[in-house]
Each structure stands twice: as C-alpha cells, then as structure tokens.
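There are two complexes below, and they share chain A, which is joined by chain B in the first and by chain C in the second.
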Partner chain A sequence: MKKRQMYFRMITASLMRRRSRMLVALLSIAIGATVLSGLVTIYYDVPRQMGAQFRNYGANMIFTAKDEKFTLADVQQGVSLIDADAVVGVAPYRYENVRIHESPVVVAGTDINGAQKTSPYWHIEGEWPSADGQILVGASLAENFRLRIGETLEVSYTPSEAQEGQETILDNILEFEITGILDTGGSEEDYLYISLADLEALTEESGSIDIAELSISGGADELSAYADTISNSVSAVNARLVKRVTASETTVLSKLQALVLLVTVVVLALTMICVATTMTAVVTERRKEIGLRKAIGASDSSIIKEFLGESMLLGGLGGILGSVLGFVFAQQVSIHVFSSTISFMPALVPITILVSILVTGLSSLMPIRSATEVDPALVLKGE
Partner chain B sequence: MFFRMIKGTLLRQWKKMLMIAFTIALGASLAAAMLSVMFDVGDKVNQELKTYGANITVVPKASSVLNELYEVEGGESTGAYLREDELGKIKTIFWAFNIVDYAPFVNVSGELDDGSEVRVVGSWFNHHMSLPTGEELDAGIAGLRSWWEIESGEWLDEQADENAEIAMIGTALAKKLNLSVGNTLHVKGSAGDKNFRIVGIFDAGGEEDDQIFAPLNPVQALANLDGCIDSIEVSALTTPDNELAERAAKDPSSLTVSQYEIWYCTAYASSICYQIQEVITDSVASPVRQVADSEGAILEKTQLLMILITILSLIGAALGICNLVTASVMERSSEIGLMKAIGAQNGAISGLVLTEIFITAIFGGLIGFFAGFGFAQIIGHTVFGSSIAMTPVVIPIVAILVILVTLAGSIPAIRMLLRLRPAEVLHGGH
Partner chain C sequence: MSLLELKNVYKIYGELHALDNVNMKVEKGEWVSIMGPSGSGKSTMMNIIGCMDKPSKGEVLLDGVDISKESAKNLTTIRRDKIGLIFQQFHLVNYLTAVENVMLAQYYHSLPDEKEALEALERVGLADRAKHLPSQLSGGEQQRVCVARALINYPEIILADEPTGNLDEANEEIVVDLFHKLHDEGTTLIVVTHDPEVAEVAQRTVVLRNGRVVKEVINQNFTGKIHFNEEGTHVTKTDLKSEEEIQAEEQANENK
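Let's look at the complex of A and B:
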C-alpha cells in the first residue's frame, strides 16, 4: 500500500513540477482524442443527417390500389407498419377531372400538411392553402388562364349520375380563393391542388383515394422490406418504391459515407502519429533524469513502470478532455451544418480514453527503453 | 561561420531535426490533403448527384400543358414541337462544359394488336456526337435513367443503326403482354405502323414501366412527326441558387449590367436555362425543382461539413507542430546558454535557431505537401473513382500555415531561453 502511494506521488509530483511542458503534451493528446471522438461521432451520424437532407427529393414510396380504389384507413394501416420515427411525411392524393373557365383541368385533393412534407421542393409563390375553400394553382395553369393570387376561382365538376329527384345531370360548382402558385418544373404545374375535404365536398363522393405518397428515411433495403410487408399485409394497397429516388439515394449516400470514413481514417492516423512524436520528444528530453535514477540504484523495470505510468495518466486525462471536446465539436458541426443536434454516444468515451492511453503509452515506451539501456554515466555526461 | 554552424547542427542533431521535419511533414500533409479534398468535394458530389437524372427540362413555348391535359382526356397532342436539328446547339452554350448529358423525347400514342393503347417514347439511348470543339459525347437516357434496372436483355444500342426498329419496354407492359427479349411487338400509330424487336426489359419503378422506348426516327414515323420532339431533358452541373439567381430567374431584365454578367457567367440552373432558351427556338427551359433544389441543399451541406472537418484537422496539425517545435527549442537550453556565455548576441542566437528550424520546416513542408496530395488522390480514387483536381490555392495556404505555425512554436521558446542566465542554464538548474 505504501509503495503504491509513493508511486502515485512520484508520478503526480513529476507532472506538477514540469507543469508547462506537461500541459503542452496534455494539449496535444487532448487534440488527438478530440479528433478521434469528434470525427467518429460525425461518421456515425452522417448517414442519418444526410438521409434527412435527401428527403428533399420527395416521396420515395407510393401506395397504389390493388383493385380500383383504396381509402385513408388503408393508408393509415400501411403507415402503422413503418417505424414511426422513420416516417417523414404522408400525402394521399385523389385526382378528378373538373373544369375552370369551361376548360378541362385536373384537380388533386390532398392533405396539404402532408404534401408540404413529402414535396419539400415545391416552390410556392404566395402561401400554402391553410383553410377550406382555398386552392393552389400550378404555374402553367396560372399563366394560361391568367390566374392571380387572391382571386376567386370557380371550379365545376360534373357528377357521373344525376342526383335523385332530378332528370338532368347538374354541375357541382364551388368557389375557391387562390392562395398560391406552384412552381416545380414538372407536371405538377398543370394541376390544381385543394384539400381532400374540399374535393369530397365538390364531388359529393368520399372515402376513396387514388395514390398516396410517402417520404420515409432509411436505406434501400429497409424501404423494400417495408414495401413488401405493406403489400402483403394490407389487402387494398400495393406499396412500390420510387426507384429513381431510392436507387440514387443509396449510391450518393454510400459515397458520402465512404468519404467521411476515409477522411476520418487519414486525419486520425496523422493526428495519432503527431501525438506519438510529441510524447517521444517529451520522454527523450528526460534522459538525464533516467540516467540519474539508474545511477542511484533504480532498476530498469521500476523506471519504465514510473515513466509509463506518467504518460498513461497523461493519456487518460487527455482522453477524458478529448471526449468532451470531441462531442462539443461534433455537436457544433451538426448544429451548423444540419441544424439539428446529435445524440451522445456513451460507448465512444471509454474507447477514446483507451486509445489515447495506448497511443501515449506505446509512443513513450520506445524512448524510455532506449534511455534505460544506456550507461548512466554516459547519459549524465550528456552524450 | 553562420552557415557552418547551421550545417553542424543539422548534421550532428540530424535525428532530432528529422523528427521535427517528420512532424511538420505530417501536419503539412494533413493540411494539404484536407484542403484539396475540401476544394474539390463540391464538383465530385455534384457529379454523383447526376444519378438523380435531369435537372432541367426544355419544352416548346406554346405550352405543353394542353398536351398533357388532352392526353388525360385520351386525345392527341397539340402541335407545338421543338426541332430535332437544333439539339446539337445545346452543347454550344456558354456553360456547355457543364452539360453532362441530355436527351430529346417524343411521345406518340400507339395502338397494339389487341386494341389497347400504349405510349411510345422516342429518345436517344447512347447517341454519339462529335462536337465542333473536338469533344466526343455519348448522350441519352442510358445516363439519364441510371436507376432503371434492366431485368432482361440489355440497353438499346442505337449507334449501330439509328433507324432500326428496336425497342425497350417496361416490365409492367412486358408482363401484361407476356413478351420477352427477342419478340417483336406490332404498334400502329396515326400515320403508320412498325414492328419493334424487343432488346431489353427494364424496371423503372414508375409510370415508365407501361411504356415503349425506341430510337427517335421510327417513333417519329409512327405519327408523321419527322424532325419534331416534345421535350428535352438536360443534366447539368449547377451552382446552388442564391438570391441573385432567384431574382434573375423571375426576370433577367431586372438586373443591372454587372449583376447580369455575374449571373450569366455563373453556372446557376437559371442561367443555364436562359442560355438554352437562347439557342433552341421557341423553347421554355425550366429547372426541375425536385432535382435542382435538393442538389443545392446536399451540396451546401457536404461542403460545410468538409470545411468544418478541415478546420479541425488544421487546428490539430498546427498544435502538433507547435508543440514539437517548442519542445525541441527548449531542449537546447544549455547550448544557448553556452553561446551567451562566450558572448553571442541575442539576435545572432535567435537568427541561428530560427534558420535551423526553418530549413527543417521547408524540407518537411515540401515532403508533407506532396504526401498530402497523394492522400487526397487515394481518397478521390477510393470514394469517387476519379482523381482530385489540384487547386493552386492550396500551396500558399499550406506554406503560410507551416511558416506561421513554426514561428508561433519557436519564438516564445527562444525568447524564454534568451531571458535565462547563462550560468544557471549551464549549471543545469532551472
């Protein structure tokens, strides 16, 4: 017990006496450990964060009807089979042919909030419809029919059958307020968008939808597993992947992850070597001390133990400091780049500390060895 | 004498100096590698994002809207077309180099033998072009539809004979008609009929699975549309939009002359669209927001991520070098004490030590720079399968970094040593 106390006192005293030099060494170890824990955290977090960015491309799964039509309840049943955290947005669509200014156009009824999430790339001049009786007009339609935001648009729908008690088929006519004009560069510009409730009021038919768009975060394998489960267990729905989005996302995302991995490996290797050279320099500096100890009768093993203990203590401290700083760094990167926070990875703390202890220990072992092998008289003389 | 002393130090203490050079080389290589990758990552990721297909579509001015709408009603198209003979001009615009791939499309509705209607799409598959600039390019949907999975057969090769009546069909259509590769499919159009030999069946995961894709000429012949195309899809490398680009996209005439020049000479999606409209008669080119906007977002994020990682590694490299230089100068306290004792001036000592360190630093920095460039190439080849372009600005950045860090590491240490009294240092006390 006494011996161990003495051992610790010697180590701490040595660290305290040479405070400024040791602080420098500690700093370099801490930087190494920061790079280690920070980059590894980012590496693990990049697919998730980047995956969220890739959801900008919009829906990656669509539900279509196995038979004629399906209902919102079927969609909900399908969505419930997917991990709730992975679902970014769901938008059901129902298309009908209607007329505006006596010309035929297609109107889509949807869940406006859901559409905002599944199609983040939609560029709206004006505002998204937020209440019933409001309509979103595709840019080409707006140009053709000279429609402007704030105007009222009359939409008429011809039911397929005459209502009871009436002989001729009468048009259903509803008025909508134009809140926004939709610019996508795609075929969406040729449609009108209203809420599903409005469309049901216009057509006086409810319940069914034509298609549902889903935006789900996850890899291609995960997605196709979801699609299979849904197609098999929901009888009315056929779930399909939007290949263009899923296939491309897999390619690009895997490249990005490989990039971060390689960068991490290169940076880590170089930083660790830097730490090692610093430790080597710190120990080499003290050859004289080692010589003195040998001269007054210390055994080689006790010198190695003491010096090794010292560097490893330093490594441990640097590791702890580095895990904290690394997390702070990763968090800052995440906030600045992706505007979201990252979760703390507890497993990384012991790994970081262990690696720093190993690197410092190994890198000081060599110079200690060579110092102890030399004749103390020569070392003390300064050769 | 000065040089002999330096030479003496470098030769006598070569082991120590080698270690300093090694550390500086490591730091410099880290800086060079990260900076090279950082400057080039935008272009590289942009190339990768091309797998999402076209980010610009070109349609005739007399709006294609009605075309699509009438087709919903089951009718024919409206009669506004782009000209096939102008297609080559797209590769002559200011940003021609940024246009990676493009393909024209002509849509014809045909009738099958069983009376059902089918959409026949004429396009380029691997259309070979020899440009006036001497560039050779294979353009077409083989590149623009990279997500198509070929279920059987292979990609249509139109280079052999562009009038050949061959086609690729979607998997849904193939299943419905029970067709396989090698079969022929008889399609009747409004102005003629053709027998397409099926060379490939693809799974596109969308509405294209119900369509027939064939080279332009036979499809145009189906509906007597020689030389006419409905739309062009263009895949271009673009710069993410900023406020200027958005304003310009709405109305280029609202810009001042200098703003207009900046806009026109930057590869924004909107300026490329504008330039395409200038060369293709009566056309409207517009960015496909789904692709263009997402590309911008992902590019920006990736670049920012790389910048932050680069900064971290630069700080790490700088501190590493700084540490070691300080340590090595401090080590020489007795030598410096001796010089002072025999009458050396402070300035002379500082000059000597600094020159030694700088010779080492230049040596290490040079080796490190080339090693770092090598690391960057490894990263480029492993991840993107292409080499990382050498950005000239990396050289001065690395050089300044090495010089600054070496100075920052050695000056405080030298000043501290100069303050020491020679007798104490030589005696060995602290």
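Let's look at the complex of A and C:
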C-alpha cells in the first residue's frame, strides 16, 4: 500500500468513525460557509435586485431630437444598441395641441405598454387603454371638465394646413372612450394619453416623435456608456440620463453594497474565530492520540500534515454544504426582502469551498502546532 | 558490545533524583524486567530508554550510539527504527481498526503493508479481530494489538511499560506467552513492571528503589512462562520479592 493511500484512509476514518464529534465541527464550518456564500451572493445580486426596485421610480434615460424631431425608427435603432435583457421598457411620446369641450389641451401619443413599464408608479383609476379608440385622462383635466370613466370624449385637432382640394382648414375629430383617470400628483395629470396610432390617425401625420423615455437596468457607468454610444451612433437622437434617478441609484447601491461587504467581513472574522475555537477543541481532545503517534515515531511535520489534511477535508465538506445552504439562505433573503428570486452563481461554489478549506486550515494550524509540542511520555502517562 | 548500556545515568528534577547514578547493560536477545515500587524511577528509565526523555547526566548507549546527546528529531527517528513500545493503557487510535493501528507503525516507519500487518495480528492470535475497532476488543485483545504494533517493524528492543497492569490473569498469561515467543525469536525485551509475577519470568530482573539499582536477580529457572499450582496460585521460582515483602524486610532490618 502506498503511503498516500494510508494517509487518506486515516483521515477519512477519523471523519467517518468519529461522526458525532466531527458533525459539530462540520456544522460550525458549514454555518460559516453558508452565511459567507449567502452574503456574497446577496452582495453581487444587490445591484440587480435594487436595479429592478429602482425601475419603479420611472425612466432613467431620455431620447430627445438632435434637431427638431426624430422617428420611431430612430428610437428602435437606439434601443437595439442596449443589451436586450437590460431594457425594462421604452415609451416614445409625441405631443400635440388638441381641443376638448372647445378648450385647448395637450394630448400625448405613446406606446401604452411601454408607458406602463417606464412609469410603473402612475396610479390609474380604472384601466389603462388597451385598444385603439380608448383614452387615459389626467386627473386635473378630468376634474376641470368633469370627465368620468366610461364616458365618450370628443377630441378635435386642427391641422396646420388645409387638406388638398379644400379652401378652409377643417378640424379632425375623433371620439374616445375614457378607460382611466391618471393620478400622479405631477404635471402628467394635465395631459390626455392615447396610443401613437390614434394620435397619428387624429393628426393624419405619422412618423415623428418628440421624446422617448427608457427604463434600463444597470449601474450609472453602464448607462452612461449606453447613452454615449446611442448619441454617437444614431444621428437624430440625443440620449441622456435622468440624473436624479441614476445618481440616487448609484448612491444607494454603493452604500448598500458597502454595508453588505462590511457584514460579510465581520461574519468572516466571526467564522474564523468560531472555526478556530472548534478546531482547538477537536485537536486538544486528541492530545493523547498525538502523543501516541509521536511515541510510535511520527515526526511533527507528519502530524501537522495529517491533522491539517483532516481539517481541510472537513473544510471542503463544510464548503460544499455551505455553498448549497448559502444559496438557499440568499434565496430566502431575496424573496423576503426584494420579493424576487436570485440567480445561482456557479463560480461561487469553488470559491466558497476554497475559502472554507483555507479558513479551516488556517484556524487549525495554531492548535495543531501547539499540540505537536506535547511530550509523548507525559501524555501517555495520562498527565 | 551490549545492545543497551546506561552509564552513570542521572535524572534530576530540582531536589529530586528520579534516577541516581544508574548503571545497567542489556544484551541483544535478552529479556530483562525492571521492577520497583511507584516512584522508584521505573517510568523515568523507560522514557529515557524509549528515547522520549534525556538524562540530566550520564550516557545511554543504544547500539553503540549515545542517545543522551541526540536531538529530539533524531530521537524520534531512533525510536521509530529501533524501539517497539507497549503501554499499560494500550493506547490504540480509537477510530482505526486493529489492522490499521498496526499499519500506523509501518506508515511512520516505512511503507504500510496490510498483509504483513494481518500476519502480525495472526501471530498474536487476533487474525479474526483485524477489522474491529479498539472499542470492540477486550483489554487483553487491545494489548495484543499493541504487541503486534510494537513488533511489526522488527525493532531492536521491545519496551513494555506495565504491559499486564490492566489485564486479568488469563490475558496476562497470553501476553507473557507472546513475550516468550518473541524472546525465542531473538527479540530483546525490556519489561517495566511492579508485579513480581511478571518480572520473574524474565531472564534477569533489575530492581530499582529511589532511583537506584538496588538488586539484580538472574532467573536460574528461566522458562519464560508463569507457573501456577493446582489451586491456581502463582509459584515463585526466584528470590524476587513483592513490594510488601521488601518493605517488611527493610522494617525488620531497621528494627535490628
């Protein structure tokens, strides 16, 4: 039999046949590894989780025209430059002056689905328009003109030029069904909202866009890079960030990450102390065995090698257990705190196992070294 | 040249002389008992011969090498290569099986060989208990594993410290029989004991008192076996005396 085979036979026998003792040590290491891997998972997942949360505060990028107007095609070209997974929503807006009850108001034509995503904080009484011919009315307008959900609203638009073959300019009039009242507490309450197709039908003009709001998940640097690329690549569009959103996102994120990092470092230190204490106890109770091994001819280095191998194997097992439980722990935290699931990070498994092995090995080194100083004669006499 | 020679050996702890000018020789293949009451210096002598301690003064020549001058690291090597240890409390690694405990000594000495370890266990009559853990073995069986472990590397000397101290009469006989076999095969045996029955089966008994060699007894009727009469009482064949007898003798001398 090779020496190495006997070495592994000994260290596995020590773990397998001293189960109750080793389970306590394993539990201590596994708990440490669990909390560590869980916290690291959360640390890396916080930007994604918080990014999703921040998207509730609305658009963080705006497309405006470099000259006067730009088109839907320009918006689509700009959006295509952004990672598809990062795009939460895109809402192009075109504003026109129209009249209701003979009074001038502003109507916004937009992609209703996109607007729902870029403005998730909008409070709608009733429903969002879901088909052509439906309209969303700002709360302020609804109050001034006593408009109610379910009523029909006549919207008239005066074209800038008379139509061909006509001498006078005639108003274009369309009727809309009011499906919801928009309540935001902001200037949005002074507008009417219809689909872009309806607005184009009303104005009999198509293609142009005044502004586009985009909600994109990602850090400030990433967003800046997107904005620069789009501004440089799409000739008609000027992309810029909504600073009050992106700046506050960055501040909150960096503070939150710093907090998680601090907790992780503290937990790492506590884990090391806990594992060191456990390993000290494990090694101390085996002083007699160390004495015996020395008496039958073991050198200090071979004793260190055997006990270190044992604790590193224990560390490895604790690390495997910790990676699995750490993911479960992070998942539970994510579900309860962020109300969403986290993605599994495969790279974290070998890192957790490695850190666990290193921490256990380092923690055991001191008690093992001191244990090798035992006098075999005294220990074997039971002193 | 003697295999082991102690020349003017002292071991001093402060005021206490645990060994006080001890001189002793052990020849190759000899079976020597070291006997004496508690505190007589037996264990100190065993530790020095077993390379687990160094004398304060004097020379200890093992195979011509003065081990009193060697470093701790060298002593470990000498102990590993030349000495087989047997302890009163057996001292087996409790999570290793009998055969693995024997292989442990091979592991530190050279290369573990399971077949050879099993043969050693067979020699001590434990072939069928090889896969048992120490907790599954009786005291006598554990001591026999200890003997197998001590002899596995063919040491120059087997050094046994109270090898029958924790054994009943039947197991004591088995272990002494094993020593007899080892002696027949040419192994040098040094058995430290306070039990005259075990001491007197050796070829020679060295009696220690207060750290000094006070008597050396040659066993004229050496057979290597403990003899019992029909009633099961031990039959003394030498002039060795128990601790109580020595004390009574001293008392009588003082009274004179």
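Criterion: the second predicted complex is superposed on the first by the 369 of 383 C-alpha atoms of A that agree within 3 Å, B and C clash if a C-alpha of one lies under 4 Å from a C-alpha of the other, contacts with A are read in each partner's own complex, and residues count from 1 in each chain.
Here is the rule we go by: a residue touches a chain if its C-beta (ideal position, glycine included) is under 8 Å from a C-beta of that chain, and two chains touch if they have at least 3 such contacts.
The shown structure was predicted, so the numbers you read here are calculated from the model rather than taken from an experiment.
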item	value
First (chain B), second (chain C), both or neither touched by A:Val106	first
Which of chain B and chain C A:Ala13 touches, first, second, both or neither	second
Touched partner set for A:Lys66, first chain B, second chain C, both or neither	neither
Which partner, chain B or chain C, touches more chain A residues	B
First, second, both or neither for A:Lys305, with chain B first and chain C second	neither
Touched partner set for A:Arg369, first chain B, second chain C, both or neither	neither
Chain B versus chain C as contact partner of A:Gly297, first or second or both or neither	second
Intersection of chain A interface sets (partners chain B, chain C)	382
Contact set on chain B toward chain A in their complex	19, 22-23, 26-27, 29-30, 33-34, 37, 41, 45, 48-49, 51-53, 56-57, 63-66, 68-69, 72-73, 146-149, 203-206, 286-294, 297-298, 301-302, 304-306, 308-309, 312-313, 315-317, 319-321, 323-324, 326-328, 330-331, 334, 375, 378-379, 382-384
Of all residues in chain C, those that touch chain A in their complex	43, 47, 50, 52-53, 73, 76-77, 79-81, 85, 87, 89, 91, 93-96, 100, 103-105, 107-109, 111-114, 133, 149
Residue ranges of chain A in contact with chain B within the complex	21, 24-25, 27-28, 31-32, 34-35, 38-39, 42, 46, 49-50, 53-54, 56-58, 97, 104-106, 119, 121-123, 140-141, 143-144, 183-187, 189-190, 240-248, 251-252, 255-256, 258-260, 262-263, 266-267, 270-271, 273-275, 277-278, 280-282, 285, 329, 332-333, 336-338, 382
Residues on chain A engaged by chain C in the complex (per definition of touch)	1-3, 5-7, 9-10, 13-14, 17-18, 288-289, 292-299, 302, 375-377, 380-382
